[in-house]
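Below, subunit A partners subunit B and then partners subunit C, in two separate complexes.
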Partner chain A sequence: MEEASKVSRYLYTAIVLFLIWLFLTASLDPQELAIGAVMSIVVAAFSYELFTTRGLGNLHPRRVAYAIAYIPYFLWAMIMANLDVAYRVLHPKRPINPGIVECKTVLETGAGKLALANSITLTPGTITLDIDGDKYFIHWIDVKDSSVEGASQNITRPFEKFLKVIFG
Partner chain B sequence: MVSLLKRSLAIISILVIGYWLAQGLAGVPFGEDKMLVGHYYLQHVKEQTGAVNAVTAVVVNYRGLDTLGEVTVLFIASTGVAALLWRKKRERTAKVGGSPVLTVGTKFLVPFVMLFGAYIFIHGHLTPGGGFPGGATIATAFLLLYMAFTIYEIPHKAFEKVEGLAGMGYVLVGLIGLAIGGYFLFDWIWQDWQWGVDNIGRLFSGGFIPIIYTIIGIKVGTELSGIVDNMLKEEVRE
Partner chain C sequence: MNVLSAIGETLVLIGAFFYVLSALGLIRMPDVYNRMQTATKSATLGSLGVLTGVGLWAVGDGLSWAWLTKSIVIALFLLLTNPIAAHALIRAAYKSGIPLWEGSVVDKYREHIEAKEKASEGGGEE
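The block that comes next holds the complex of A and B.
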């Protein structure tokens, strides 16, 4: 993937850090804002090379909109998965069929793969065991389809719709 | 006979010791509040130091010399680690790199961890925390980098210089106090300049506490990163 210019990457890191500072201080006091701006600029100088390769491209409105939409979508998926696992636990016959399946992802960037792995782990019933290139090894509480294509359809596709746009 | 003599001697000495202890305790007025120094600090902390966090005010302002000693202790500990683990040639020998989750997560988290460390030491005079936990947090960012990447090393030369400058900075702040106010680590920013008097409870207050805590944060961060570096590297034979 092509890298954005240094300025763009630096600015993006500083902006994200400043937003984090706002969350940390939870205050709009001009003194806090001034020191926050200084600290964001200083810390960004040390860390922008690690933090981002795409720079300000991450702030494309489409990406931001999908990222915001992903939060309720993911929370809903998490609630449904919680209820599903609770049902399996409480059911007297315990209808589980655990196993490890392999999935293939369409995501290409490291950040996207990390977000997908964490999304899968955070929804109960599925845990990402390992990532190898574009292959995910996932422990699934109820293996409905053990083929690579079928498992991907069930586990990774729903998240990838969003993550592909956000992270690529 | 002997045992009887021994026993009576023991009883007599116990009685004597007991009498001394009772005498000593008789002077303590039980049931009364004896926290005189603590009360003094709590009542005067705002007008004397400008900090709302009394603990920080005691650590950095009233007992600033102790804290300079603590920083020195940490410096000696780090030097000791370096001396004990010294070898002619040492390199990182880890063969297995971190998984994608660890490496990507590290890249993502390092700036946040650093910023959070800075947040902790900058707000030392307002919130719990200060230079020591802030510096330790910053060192965690470097520990993450060491764990995720097998070839990563901190920039040693720069870190050593920054650490030395931070240490000298602390003493310099103290010496300026000596020149202005007459004693070492006199809080010239608060007592003399009256800087931040209208701002108690906001960021720009607390006299030299934020400055000293920033210095301590930088020093502790670089020092602990150096310790991590020393502990992770292993001897290489040519």
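The block that comes next holds the complex of A and C.
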């Protein structure tokens, strides 16, 4: 995947840093804003090469909309899965059926794969054990389908439709 | 006492409940992999609940909004870093040869590694 221009990557890094600053200070005092802007610009100069490869392309409205929609969707999936694992812990018979399954992903970029792996790990009942190319090896506490296709359908598909748009 | 503090207190309670569940899971689960499942996961929702709960509670008690935004940023960074630690731990456990629980149904990762070794021994395909 081609890299965006240096200016675009630099600006994107500075914008993200400034947003974090806004959240951390939670104040619109001009003095705070000024020092925050100066610090973002300075820190971005050191860190933009590591931080992003696509620069301002990340702020495309479609991507931002999907990213915002992804938050409640993901939180809901996480809560449901948490209750499921809680049930397995509390049930006297401990109804678990663990195993390591293989999934295939349609995501291509490194950032997308990282986001998918993190989402899988954060969802209770599944932990990403390793990634090799487009193969994910996932420890699943309740193996419903051990085939590659079935496991992908259960674990990775629900997240991929969002992450495909956000990260490509 | 108002609505915001009540919601915050409820969230803190729910978070604490999930911490208890994850501690219980640590004792009840049979092998390191299933223990990781309960330990890292319930801790995530527990921490999320406690952090956002504390933020809302503080705002409800008349403290500044900075409490809420800061706790949200902390929760966000936790969500970014927690799975990486979990992944590193479980991968290290697997690489150091800890066997899966005997009730485990499938281990595709072993098949994958063995297939790879065979390919590299037999002249290599890469």
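The rule we apply is simple: the second predicted complex is superposed on the first by the 168 of 168 C-alpha atoms of A that agree within 3 Å, B and C clash if a C-alpha of one lies under 4 Å from a C-alpha of the other, contacts with A are read in each partner's own complex, and residues count from 1 in each chain.
What we mean here is this: a residue touches a chain if its C-beta (ideal position, glycine included) is under 8 Å from a C-beta of that chain, and two chains touch if they have at least 3 such contacts.
None of the values given here were measured: they were computed from a predicted structure.
The superposition on subunit A brings subunit B alongside subunit C with room for both. Contacts of A:Met39 after superposition: subunit B is touched, whereas subunit C is not reached. Within the superposed three-chain model, A:Val143 lies in touch with subunit C and out of touch with subunit B [touch as defined at top].
Looking at the shared chain after the overlay, A:Thr13 reaches subunit B, while subunit C stays out of its contact range. Of the two partner chains, subunit B is the only one touched by A:Lys113; subunit C is not. Looking at the shared chain after the overlay, A:Asp130 reaches both subunit B and subunit C.
Rounded in steps of 10, the angle subunit B-subunit A-subunit C defined by Cα centres in the superposition reads 70°. Between subunit B and subunit C, the partner in contact with more residues of subunit A is C. Touch criterion not met for A:Gly55: it reaches neither subunit B nor subunit C.
Of the two partner chains placed by superposition, only subunit C is touched by A:Ala26; subunit B is not. Once the two complexes are laid over each other on the shared chain, residue contacts for A:Val101 go to subunit C alone; subunit B is not touched. Once both complexes are placed on a shared chain A, the shortest Cα to Cα gap between subunit B and subunit C comes to 6 Å. Across the two superposed structures, the residue set of subunit A contacted by subunit B and also by subunit C is 20, 24-25, 117-118, 128, 130.
Those residues of subunit A that touch subunit B in the shared complex are 13, 16-17, 20-21, 24-25, 29, 31-32, 35, 39-40, 42-44, 46-48, 50-51, 110-111, 113-114, 117-118, 128, 130-131. Across the complex, subunit A is touched by residues 99-101, 103-108, 110-112, 114-116, 118-119, 122-123, 145, 199, 202-204 of subunit B. On the side of subunit A, the complex with subunit C involves touching residues 20, 22-27, 78-79, 81-82, 85-86, 89-90, 94, 96-102, 117-118, 121-130, 132, 135, 137, 139, 141, 143, 146, 148. For subunit C in complex with subunit A, the touching residues are 18, 21, 24-25, 28-31, 33-34, 36-38, 40-42, 44-45, 64-66, 68-70, 72-73, 79-80, 82-84, 86-87, 90-91, 94, 100-101, 103-110, 112.
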